[in-house]
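What follows is a pair of complexes built around chain A, which joins chain B in one and chain C in the other.
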Partner chain A sequence: MGKFVIRRLAQAIMVVIAATLLLFIGLFVLGDPFASTGDKVVPPETQEILREKFGLDQSLPMQYLTYLGNLFTGDLGIDFNQRREVSSMIGDALPATARLALVAIIIDVFIGVVAGIVAAIFRYSFWDVLVTILTTLAIGIPTFVIGIWLRQTVSGVWIFPGVPRSFTEVVPWYQEVLLPAFTLAIVDAAFIARLMRGSMLEVLRTDYIRTARAKGLGERTVILKHAFRNSIIPVVTYVGISIGILMGGALITETLFQYNGVGFLLVKSIGQNNNPVIMAIVTFAVLIYVLLSMVVDILYAYLDPRIRLS
Partner chain B sequence: MTTTPEPDLSMPAQAVLVEPPDSSTPEAPTLQDPHKKRSQFADIWRRFRRNKLAMGGMVVVAIMVVLAILQPLISPFDPYDQNLLNTLQPPDADHWFGTDILGRDLFSGMLYGLKLALIVGVSTMLGSMIIGTTLGAIAGYRGRFSDGLIMRTTDIFLAFPALIGAILIVRTFGSGVAPVAIALIVLGWPTAARLMRGQMLSLRESEYVEAARSIGASDTRIVMRHILPNAIQPVFIYSFTSIGVAVVAMASLAYLGVGVPPDTPEWGRLINQGIEQVQVPGKDFLWMFPSGAICLTTLSFAFVADGLRDALDPKLR
Partner chain C sequence: MRNKAVWLRAAAGLSVAALVLSACSQKENTGTGGNEGGEEQAKPSSGWEETPDIEIQEGKQGGTFRLGITEPTAIDPYNAQESEGILVSQQLFTGLIKVDPDGEPLPGVADKWENNEDCTEWTFDLKTGTKFHNGEEVNAEAFKRGWERVAAKKSASEVAYHLAGIEGFDQMQAGTAKALSGVDASDPAKLVVKLTEPNCEFFLRTNHPVYSPVPTTAGDPATNTAFVESPIGNGPFMMDGKWEHDRGIKLKRFDDYGAGDPAYLDTVEITITANGNQDEYAGFENGTFDWARMPVPVLSQARSTYLDQDKWITRNTNGMNYLLVMVTKKPTDSVEARKAISMAINRDEIINSIFQGSQTPATSFVPPVFEDAFQADVCDACEFNLDEAKKLAEEAGLTEGTALTMQFNVDAGHDEWMAAVKDQLETNLGLKISMTSVPFPDLLDNERQPDAAGLYRSAWGADYPTPENFLTPLLSTTAIGAGPTEPATGDNKGRYSNTKFDDLLAEAKSNPDEAERTRLYQEAEKIAIGDDLALIPLWNRTQHRLVNSEKFINARMDFNENPDLSVISVK
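Here is the complex of A and B:
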C-alpha cells in the first residue's frame, strides 16, 4: 500500500509540474503582456523597466523555476493590472467561489437524493417516469444554456438580484449566490438522482432488506434507516469530486451572473493578459483536480487490493 | 475468391476461429441463426427505430445537416448584410427570427451559425476520435512504456482547466473556425484515448485474441481486424455526444469573446450580443433563438447517442 501511495504521489507531482509548464509556455507564446496594443502605447524604456520589475527579463526556464520556488513559499507575485498581491486577490475571490460550490452542492444533493429515492421506491410509477424525463433533459441541456435562461428570465424578479448590476448596488451574498448555484446544481442533481435511484434499487433487492421487512419493520424505517445508508455511498464519491471541480471556479456560470469568484476573476485576467493571476488560479485548479483524483485512486486501491498490485 | 460457406450449426464452433485464407473477404464469417436472415445492421436499426427519442434526435440532426449544406441557397438574406434602417425588429414575415442590432437578419445568421457549429462539431469529433483511438489503442495493446507515457499525457490534459486551455490555444492561433477546432481536438482526444485504452485492456486478454495470436497473426492484424471492431463501440457512441460538447464549447468560447471574428453570426456571439450588448426589454428573441438552437443540437446528439447505445448493446437495457 505504501508503495502504491508513493508511486501515485510521484505521478501527481509530475502532472502538476507538466501542466504548469504547459501553461507557462502557452502564456509566453501568447505574447508580451507589456507590448503596445491598440490604443495602449508603451515606450520601449517603460517596457524594459516593467519587464525587469516583474522578472520577465529573465530566461524562460529561470522564470519558471522562480515561479515554482515562489509557489512553495506561498508567494504568488503581484498582478500586472492593479499591482495588488495575487494572493490577496484570490483570497477575496475564493470565499465567494466556496460559498457558490457549497450552496450548489446542498441544492443538488437535496434534489438529487429525494428524487432518486422517490423514483426507486415508486419504480415505473408516474414519479419515476417524471424523474427519468427531467434527468434526461437536465443532463442534455448544457449548463451554459440553463444559465442564460435563468439569467434572462428569473434575475431581477422577487429575491433574485438583477444581472448585470452596477458596482454601487450591494446585494447580500445569500441572494447573489442563488441563481448561479441553481445553474450549477441542475446537472449534478440529475446525475445524483440517477445514481441514487440505481443504487437504491440494488440495495432494495438485497437479503438484509428482506430480513428487515420480514421482522416487521415499517417501510419507512426500512427505507430511511437500512436502505438509505447503504445506497448513499456512490453519491458521496460523486459529491466529493464535484466539490473539487466547482472549487476550481465555474468560468462560464460566474461570468454569466457576474459573480465575483475565482472563475470570473480568471476570465477577466485573461482579457487583461494578467499572467500572474492566470498562473495562480490555473495552478490552484490543477492542484485540486490532481489531489482529488489521487485521493479517489488511493481510496479505491485501499478498498480493492487488485488495483494496488497491478 | 473463396466464398464463405453458409453457416451450419452442425459445424464445430472452433471452425469460426480459423481465419479465412483470403484476407479480402470483407467480413469474418459469423454463426447465425438460420431462421433469421437479418444482418446485424438491420437488427441494430430495428432496435434503434423503436426508441422514439433517438429517432426524433436523428430526424432533427438530419434536418440540421441538410439546412447547413443548403445554407448558401436557402438563406433568405446575406447574414453579414447590415440594414441600419431596420434594427432590432421582432420576428415577422420578412425576418422570421427578427433582426439584430445592426439590422442583420437573425434567421440567416442562425443558419450560418448552424453551418459553423456542425463544421466545428464534426471536425472536432473526427480529429479527437482519430488521435484518441489510435493513441488509446497503442497504450492499451502495447502496455508498459507507451501506456505510461500516453496515460500520463492524458492526465496532464485532463487536469488542465479545459476552457483556459482552449482560450490560450485559440488566441495563439488567431481567430477563426480552424483554431477553435484545433483547440477542441487538443482538449478532446484524452477522453477518447482513455475509453479506447480501457476496451483494449479487457479485450487483449480475451480468448479469441489469444487464439488469433496462437495461429501467428501479427499484432497489426490482431488489433485492426480482431480487437478494433469489438472495442470501437463505446468510442463510436461517445463520438455523438462529443459533437454536442464541441458545439457548446465553441459557443461558450464565443460568448467570452474568443474564437471566431467578432462580426461572425456564431451562436455564442449572437447570445453575447443579445444579452450583454442589447439590454432592452422585449428583445428576448435575440438570445432565445441561438440558445434554443444550442440546446436542440446537444439534446438531439445526446438522444441519438443514447439510442445507439441501447441499439448496439441490448443487454445494457
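Here is the complex of A and C:
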C-alpha cells in the first residue's frame, strides 16, 4: 500500500510539472505583455525596465525554474498590472469561488436527486415526461444565455441583489451567491436528474429490491433506505468532478454577475496578459484536480486490492 | 403574489432574449452586401451633432455622484494610465496646470509660467499655502519629489516617458542618478525646469498625472503600497477609505483645496464593474449610476430615449480613428494609391449603416477639438469620390485583382465596419483584399515589423492637448525609431518620412509664439495628410455619455472624456 501511494504521488508531481511547463510555454507564445499600453507603443527603454523588474530579462528555462522554486516556497510574486501580491489576489477570490461552488452543488444535488427519483418512481407519468423535457432544455441552453436571462429579469427583485449595483450597497454573501449559483446549478442539476433517474431505474429492477418488497417492507422504506443508497453512487462521482471544475472558477457566470471569484480574476488576467496571475490560477486548478483524483485513486486502492497490483 | 411577479417577468425576459437572439442572426444576414458601388449614394451625413457646451453655473455643496468604471491599473499618479486611472488620479491630485474640456490650459498649482527664449528652461510660479489632504504644504519640492518618484528606475513606471526631455530623466531611468538634475526646487514657490532640447509646449505636458506633486509620505511605490492603494494628494477630492479592488473607490470633497475652487459634491462613489460600458448603461437604467458610457449597439436607442430628456452628451474628443498605411511597401507606397483607397471608402455610408450615425466622418487628422489648428478640409481625399478614386488607382497601378492586406484586432467591435471597408474597396476598385483579425498585442507587433504591408486598423488619443501630440508621434521620422530592416520602436509604424514635415515640427517646437506654432502645425498637416496622405483618417473620436440631469447640473465631459467632477453639483 505504501509503495502504491508513493508511486501515485510521484505521478501527481510529474503531472503538475508537465502542466505548468506547457502553460509557461503557452503564455510565452502569447506575446509580450509590455509592448504597448492601449494603442501606444511603450518606449524600448521602459520595456527593458519592466522586463527587468518582473524577471523577464532572464532566459526562458531560468524563468521557469525560478517560478517552480517560488511555487514550492509559496511565493507567487506580484502581478504585471497592479503589482499586487498574486497570493493575496487569489486569497481574496478563492473564498468567493468556494462559496459559489458549494451553494451551486447543494442546489443542483437537491433539485437533481429529487427530480431524478420522482421521474424514476413515476416512470412514464406526466412528471417523468416533464423532467425529461426540462432537463433536455437545461442541457441544451448555454449557461451564458441562462445567466443573461436571469440577470435581466430576476436580479434586483425580491431577495436577489441587482446587477450592477453600487459597491456601497452591502449584500450578504448568501444573497450575492444565489443567482450565479442558480445559473451554474441548472445544467448540473439536469445531468444529475438524468443520472439519478437511470441509476434508480436500474436498481429498482434488481433482485434485492424485489426481496425487500417481498418481505413486505413499505414502498417508502424500499426506495429511501435500500434503492436510494445504491443508486446515488454515480451521482457522487459526478459531483466530485463537478466540484473540481467549479473550484477552478466559473469564468462567464462570475463575470456576468460581477462576482469577484477566481473565474473573473482569470478572465481579467487573460485580457491583460497578466501572466503571474494566469499561471497561479491554472496551477492551482491543476493541483486541486490532481490532488482530488489522487485521493480518489488511493481510496479505490484501499477498497479494492486488485487495483493496487495492476 | 411576489413570486408570481418574478416568474412573469422571467417569462417576459425569456421572450425578449429570444427576440434578441433572432435579431442578431438577422443582422448577420444583412451585414455584407449592401454596397452597390458608386451609382446611388446615401446622403452625406455628419453623424450626430455634438450637444452644446453647457454653461457652468454656481452650484451648492452636497450630494453624491455615482458612476461605474472598470478596475484601473493604478490610481497613484506614478502609474495611472488608462482613462479610469486618470479619472481617479485627477480628482486626488492637481498638477501645475489644468485644462478645460477643449484642452485649453488653466492655472493649477502654478499661477503663471514662463519660458526662456529658446524654450529650454521653464519657470512655474506656485500658489503658496495650498495643502495636501494630510495638511502638508504643497511646494516646489513636492513637485520635484513627485517627478523623481516617477522617473526612478526602481519605480518601473509604465508612463514615466511623459517626463522625457527633462534634464536628468535619462540618468534616473538608467539608474545612475537619484535626482532630476534639471529640476530646481530651492525656492518653495518657484519650480524651475531645464529641458534637454527646446519644447515651447512643455507646460501642456504637465497636465498629465505623472507631473503631480506628492507629500513626503509617498515614498517608493514598489515598497510603500499603502500609499499606492490610497494616495494622499492635493486634489479637489480625497480618498474616503481604501481602494476596494474590483468593488469600488469612494472619494470625498477636500475642503481645504487650494489650487482652484473647491468641488461641490460631498462624495463620489465609483463602482468598479466587471463588464465595462454594458454594466454602466444597465446601471444608469436601473438608477445605480448618474453617468454612463454605452456599448455601441444600444447608442441609437439610448439616444432616442435620453436626448429629449436632456440626459445625453455627444462630443468629438481628442482622438482619431484611422487606417494605418505602410507607406514604404507596395501597393500603398504611392500617394495616388493611398488617395485612391481613401476616396473609394464611403465613410458616410458606413457611419449611417453600421454606426447608426454615432460617429462623424473625418476630414482632417488633427481633430476638430483643437479649434485653432483644425483645418476642416485638409484631407481632400477623405471625401468619397469614385471617379477620382478610379483615376488615381489607374495611375498608381492598382488594377483589378491587385492584392492588399488588411488587419484588425479581434473581439473589439471592429468586424462589421472593417468588413464594410473591405467590401467597398473590392467593389469600387476591384482590389483583392485578404483581411485577418488577430489579438490586439499581435496586431501591434505585426504593424511594427519591417515587412509589414497594407492597412491596419488604428486609433489615437492625445496625451497632451496639442496637435503636436498627433503629428510628432505618428508621422515624424524620429518616431519610427528604427532602420528599414528593424521593427519600429515608435508609434510611426507606417514609416512615413518627409524632411519638410520634420523641419516644420522642429520649428514649431522651438517657437514661443502660439499662433505661429498653430500655423506651422497646419502647414505640416497639409503636407503629411493633404499632400502625402500618410495615413487614412476615417472618423473622429466621437463620444457619447448619459448623465442624470434631473439631479445634477454642470455635468460635462472633461478633456479625458471623464465626468468633470470638480464642477458637478446637485440641483
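Please note the rule applied: the second predicted complex is superposed on the first by the 264 of 310 C-alpha atoms of A that agree within 3 Å, B and C clash if a C-alpha of one lies under 4 Å from a C-alpha of the other, contacts with A are read in each partner's own complex, and residues count from 1 in each chain.
Just so we're on the same page, a residue touches a chain if its C-beta (ideal position, glycine included) is under 8 Å from a C-beta of that chain, and two chains touch if they have at least 3 such contacts.
Values in this document were obtained by computation on a predicted structure and should not be read as measured data.
K.L.:
Under the superposition described at the top, does placing chain B and chain C together on chain A give a clash or a fit?
P.N.:
Clash.
K.L.:
Just checking: does A:Val286 make contact with chain B only, chain C only, both, or neither of them? Give me first, second, both or neither.
P.N.:
A:Val286 sits against chain B, while chain C stays out of touch.
K.L.:
One more residue to check, A:Val42. First (chain B), second (chain C), both or neither?
P.N.:
second
K.L.:
Which partner does A:Lys215 reach: the first (chain B), the second (chain C), both, or neither?
P.N.:
A:Lys215 sits against neither chain B nor chain C.
K.L.:
Quick check for you: in the superposed arrangement, does A:Val145 touch first (chain B), second (chain C), both or neither?
P.N.:
A:Val145: touches chain B and chain C.
K.L.:
In the superposed arrangement, does chain B or chain C reach more residues of chain A?
P.N.:
When the residues of chain A touched by each partner are counted, C comes out ahead.
K.L.:
Quick check for you: in the superposed arrangement, does A:Thr255 touch first (chain B), second (chain C), both or neither?
P.N.:
After superposition on chain A, A:Thr255 lies in contact with both partners, chain B and chain C.
K.L.:
Please indicate which partner A:Thr168 is in contact with in the superposed arrangement: first for chain B, second for chain C, both, or neither.
P.N.:
second
K.L.:
Given the touch rule stated above, what does A:Arg205 touch, chain B (first), chain C (second), both, or neither?
P.N.:
Neither partner.
K.L.:
Go through the superposed model and pick first if A:Val15 touches only chain B, second if only chain C, both, or neither.
P.N.:
Only chain B is touched by A:Val15; chain C is not.
K.L.:
Counting only touches as set out at the top, which of chain B and chain C does A:Ile278 meet: first, second, both, neither?
P.N.:
first
K.L.:
Superposition on A: which chain C stretch among 405-413, 423-431, 477-485 or 549-557 collides with chain B?
P.N.:
Only 405-413 shows clashing C-alpha atoms.
K.L.:
Could you give the residue numbers on chain A that contact chain B in one complex and chain C in the other?
P.N.:
30, 145, 148-149, 152, 164, 255
K.L.:
Taking the complex as given, what residues does chain C use to touch chain A?
P.N.:
2-3, 5-6, 9-10, 12-14, 16-17, 21, 66, 68, 71, 73-74, 81-82, 153, 156-161, 164, 173, 222, 225, 228, 244-248, 250, 269, 271-275, 279-280, 282-283, 286, 288-289, 439, 441-442, 444-445, 448, 458-461, 473, 481, 488-491, 493
K.L.:
Would you tell me which residues of chain A are touching chain B in their complex?
P.N.:
11, 14-16, 18-19, 22-23, 26-27, 29-30, 136-137, 139-142, 144-145, 148-149, 151-152, 164, 248-249, 251-252, 255, 266-267, 270-271, 278, 282, 285-286, 289-290, 293
K.L.:
What does chain A use to touch chain C in their complex?
P.N.:
30-46, 49-50, 52-53, 81-84, 89, 92, 145, 148-150, 152-154, 156-158, 162-168, 254-256, 258-260, 264, 268, 273
K.L.:
Under the stated contact criterion, what part of chain B meets chain A in this complex?
P.N.:
Touching chain A: residues 53, 152, 155-156, 158-161, 163-165, 167-169, 171-172, 244, 248, 251-252, 255-257, 271, 275-276, 279, 284, 287, 291, 294-295, 298-299, 302-303, 306 of chain B.
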